[in-house]
Amino acid sequence: MSYKEKIARRAAREVAPGQVINLGIGLPTFIPHYLPPDFPVMIHSENGILGMGLRSERGTEDRNLIDAGGGYVTTLPGASFFDSALSFALVRGGRLDIAFLGALEVAENGDLANWIIPGKFAPGIGGGMELAQKARRLIITTTHTTKKGDPKIIRSCTLPLTAAGCVDTIITELAVIDVTDDGLTLREIAAETDLETVRNRTGADLILPGGGAAAVPTF
Amino acid sequence: MSYKEKIARRAAREVAPGQVINLGIGLPTFIPHYLPPDFPVMIHSENGILGMGLRSERGTEDRNLIDAGGGYVTTLPGASFFDSALSFALVRGGRLDIAFLGALEVAENGDLANWIIPGKFAPGIGGGMELAQKARRLIITTTHTTKKGDPKIIRSCTLPLTAAGCVDTIITELAVIDVTDDGLTLREIAAETDLETVRNRTGADLILPGGGAAAVPTF
Amino acid sequence: MGITMDKTTTAVEAAIARVGDGAAVMVGGFGVPGTPFILIDALLDAGVENLTLIKNEANEDHMGVSKLIEAGRVKKLITSHLGLNGAVIGMMNSGEIEVEFYPQGILAEKIRAGGAGLLGFVTDIGIDTILRENKQMVTVNGKEAIFEPALTADVALIHASVADRAGNLAYTKSGRNFNPLMATAADCVIAEAERIVETGGLDPDAIHTPAAFVDHIVPIRDVTAEYGILQHHVV
Amino acid sequence: MGITMDKTTTAVEAAIARVGDGAAVMVGGFGVPGTPFILIDALLDAGVENLTLIKNEANEDHMGVSKLIEAGRVKKLITSHLGLNGAVIGMMNSGEIEVEFYPQGILAEKIRAGGAGLLGFVTDIGIDTILRENKQMVTVNGKEAIFEPALTADVALIHASVADRAGNLAYTKSGRNFNPLMATAADCVIAEAERIVETGGLDPDAIHTPAAFVDHIVPIRDVTAEYGILQHHVV
């Protein structure tokens, strides 16, 4: 199983029945594949869709129906279409239960940076800032480290923020970490790794569940 | 012909083909009766209708279809329904060619007072303030004087304003008067009256068309 | 994966129990069309008090929200116009109820802004009138304008013509009015519907309120006389 | 009395002639769905320059509005995200075009505010980020927030699925996006439509843009390949 699959599969377990969720571009779009059949969920897309299904199978694409990343998608019975103002009213108005987004950096206080690397990568803002700031719960799905091996989870962000204190949970190929008032709390670690490795690859302190007395559950 | 009919009939002649118009409660609702058959016009109602027709004939009322005054109305082919936010976006955004409203007082600078008599009459604001301030053209349809015989057209309003400098034209049973940069300009007088009477019943100076050399046209 | 939540299973009394004493309640409707009479009656039966009511008008005497107001359940009314309700105007004049008036489109816009998660908007409507008194002003391009705060509520009571079980709503004709705006602007949204269809039974391009905004659907079993033609408005 | 104006009679070249040098032009669409390719091509053919372009994105390289930008016709682009357009990012980085970015929903809201005749709105989006730099701030309930001015344009180019002759529009699926907002926010609104029906042929409850907002309808005689499936987005 690839990192991507592992993260998406674990992320899917965070969704409760009946929730309204938004899946950022890239990795999060794989999450629905790991939801149980007939699991009740409404997937929102920034470009004006509620009730998305899976990606369109080849040959069944609808030229009028893409998600916010440009991929052709299906809809489920009960889906609806609306304009971009109502789409973000839904987000900012508090009707989005979970947003799943990627990250360049996450700080131990929940700050998120994922939209710009000044002078290098500045394609714009998109819908991510509003999703990060206003979803009832923000779950970051990301590799634990950068391609160069540097930790993405750090004491404080060095890049311009997407939103401050917005992250609730971080899911990587190595760990599930909750941002709490006390700091980053390790909830689970991957079965393939160990605590030492997770700590080495994390650029901030990790609080162990139960004060460290109990073994950390695996996923 | 009653005052009401005379004013509504004259007011109808101010509408150009293809315009979008709004008819205030009361007298203005009679205007459509005096438009030629098949005259192209879109009548807007604040409660979310574009393309109203005449009032519903007895027995044909639709419980889901009233105008902003509570009267049962019909719609024409090409009508549409929308919410109250879009309804006033149309008004404030500049897509309303003419609003017809009644008046308590109109001042010679175009100020309008028609919504409140402090301590006496204060039923609320309704849509009139936005119609008055934002219609491309505001035409006041009103009796020339109050029931007591006092002029409604005066030097400056004594009642709280609906909007300042908003009135373009005043149509009464006695006269058609345009508000211009120079002041109130008499465009027409009713065939049944004379200049002396109109002047006596008007509480502000009236400029005569063509500097007074020509006879004032009648209606 | 599916959209199988059924929001039609809560009894009207249980849904209305979400409205507590002192709650702010938005009520859809402009005249009879779009007014949720059954939900209003249930709220009257529930006996809660000190409500702040937000509605375009107060219906007419002894009808709809006017029943709540006349029964003394409403402390404050936020509205646009009461021209067709002498009873409530009387209560306002005698100080039995506090009334806050807004231009109709500004009231709609305040509710929409609340639903859109904005703090408010800036407008020149009323700038030359007594409405500017006690308003927060903002200077835009050197000119003063009025800041209008967004408006939200604890509960919104909505009337739809048709709903699916997932909570998608569609309105009919002039019954739309404030309903779709209020459906975005409250923590809890309760909609009554004249007709319930299975989820998937509505055209996704013609849904006016997407299901995510709606918490409970109350089927209307009997479209009572209250929803019918008002004879005094017939020509 | 009737709604008999026919807005489909102006040739596309004549309609597009409403766009002058230096004009601010809003263009609907989010990706391919809702992008008015035929109107964009007509604008390209018209040869006007120094445009300010307002669009969610810039389409992808060599497609849609990217053609206008790559041809040097656009002085300034007001947008949300250019992630799928390397050509325009390159022109931005080399200073060939000025780009102003907004969060996607804030861009939508600015356009809507323009269409609604507001001066702007107040939001906390971006309040803890570099986006607050150089913004006008407003203090609401003791907290600072960002004032975002409304956005309007000289002309809006709209893609509809179906229009009636009077100018009522309906959009399909994710092709709605910014189109109905932009259709309210420009002095002149030109809409292309895949299908024209007689006035009265659309369900009045399912019209997305009422006719009053629309000045010209351009029938699409041939839904070209540009409107079709992008193979590089197929799985």
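Note that the chains take the letters A, B, C and D in the order they are written out, and that residue 1 is the start of every chain.
Definition applied: a residue touches a chain if its C-beta (ideal position, glycine included) is under 8 Å from a C-beta of that chain, and two chains touch if they have at least 3 such contacts.
As the structure is a prediction and not an experimental result, all values here were calculated from the model.
Peer 1: Give the chains in contact with both subunit A and subunit D, ordered by label.
Peer 2: Common neighbours, subunit A/subunit D: C.
Peer 1: Chains shared as neighbours by subunit B and subunit D?
Peer 2: For subunit B paired with subunit D, the chains in contact with each are C, in label order.
Peer 1: If we define chain centres by averaging CA atoms, which chain lands farthest from subunit B? Would you check?
Peer 2: So the farthest one, by centre of C-alpha atoms, is A.
Peer 1: Consider the two chain pairs A-C and B-C; indicate the one with the greater count of contacting C-beta pairs.
Peer 2: Result of the comparison of B-C and A-C: B-C.
Peer 1: Would you kindly tell me how far, in whole Å, the mean C-alpha position of subunit B lies from that of subunit A?
Peer 2: Once rounded, the distance between the two centres reads 56 Å.
Peer 1: Just give me the whole-number Å value for how far the CA centre of subunit C lies from that of subunit D.
Peer 2: The mean C-alpha positions of subunit C and subunit D differ by 32 Å.
Peer 1: Approximately how many whole Å separate the CA-defined centres of subunit B and subunit C?
Peer 2: Once rounded, the distance between the two centres reads 30 Å.
Peer 1: What is the distance, in whole Å, between the centres of subunit A and subunit C, each centre taken as the mean of its C-alpha atoms?
Peer 2: 35
Peer 1: Going through subunit A residue by residue, note those that touch at least 2 other chains and give them in order.
Peer 2: 81-82, 85, 88-89, 91-92, 134
Peer 1: Can you list the subunit C residues in contact with two or more other chains?
Peer 2: Each of 109, 112, 116-118, 123-124, 171-173, 176, 204-205 in subunit C touches at least two other chains.
Peer 1: What pattern do the touching chains form: line, ring, star, complete or other?
Peer 2: Looks like something else, not a line, ring, star or complete graph.
Peer 1: Determine which chains touch and list them pairwise.
Peer 2: A-C, A-D, B-C, B-D, C-D
Peer 1: Touching residues of subunit A toward subunit C in the complex: what are they?
Peer 2: Counting only subunit A, the residues touching subunit C are 17-18, 20, 32, 35-42, 44, 50-51, 53-54, 75-82, 85-86, 88-96, 134.
Peer 1: Quick one: which bits of subunit D touch subunit C in the complex? Just the residue numbers, please.
Peer 2: 109, 113, 116-124, 136, 138, 140, 145, 147, 149, 170-173, 176, 203-206
Peer 1: Could you list, by residue number, the parts of subunit C that touch subunit A in their complex?
Peer 2: Interface residues on subunit C, with respect to subunit A: 1-5, 112, 114-118, 164, 166, 168, 184-185, 198-200, 202, 204-205, 207, 210-213.
Peer 1: Name, in rising order, each residue of subunit B that touches subunit C in their complex.
Peer 2: 25, 45-49, 55-58, 61-68, 70-72, 81-85, 87-89, 91-92, 122-130, 133-134, 160-165
Peer 1: Per the contact definition, I'd like the list of subunit D residues that touch subunit A in the complex.
Peer 2: 30-33, 56-57, 79-84, 89, 99, 101-109, 111-112, 123-126, 128-131, 161, 171-181, 208, 227-230, 233-235
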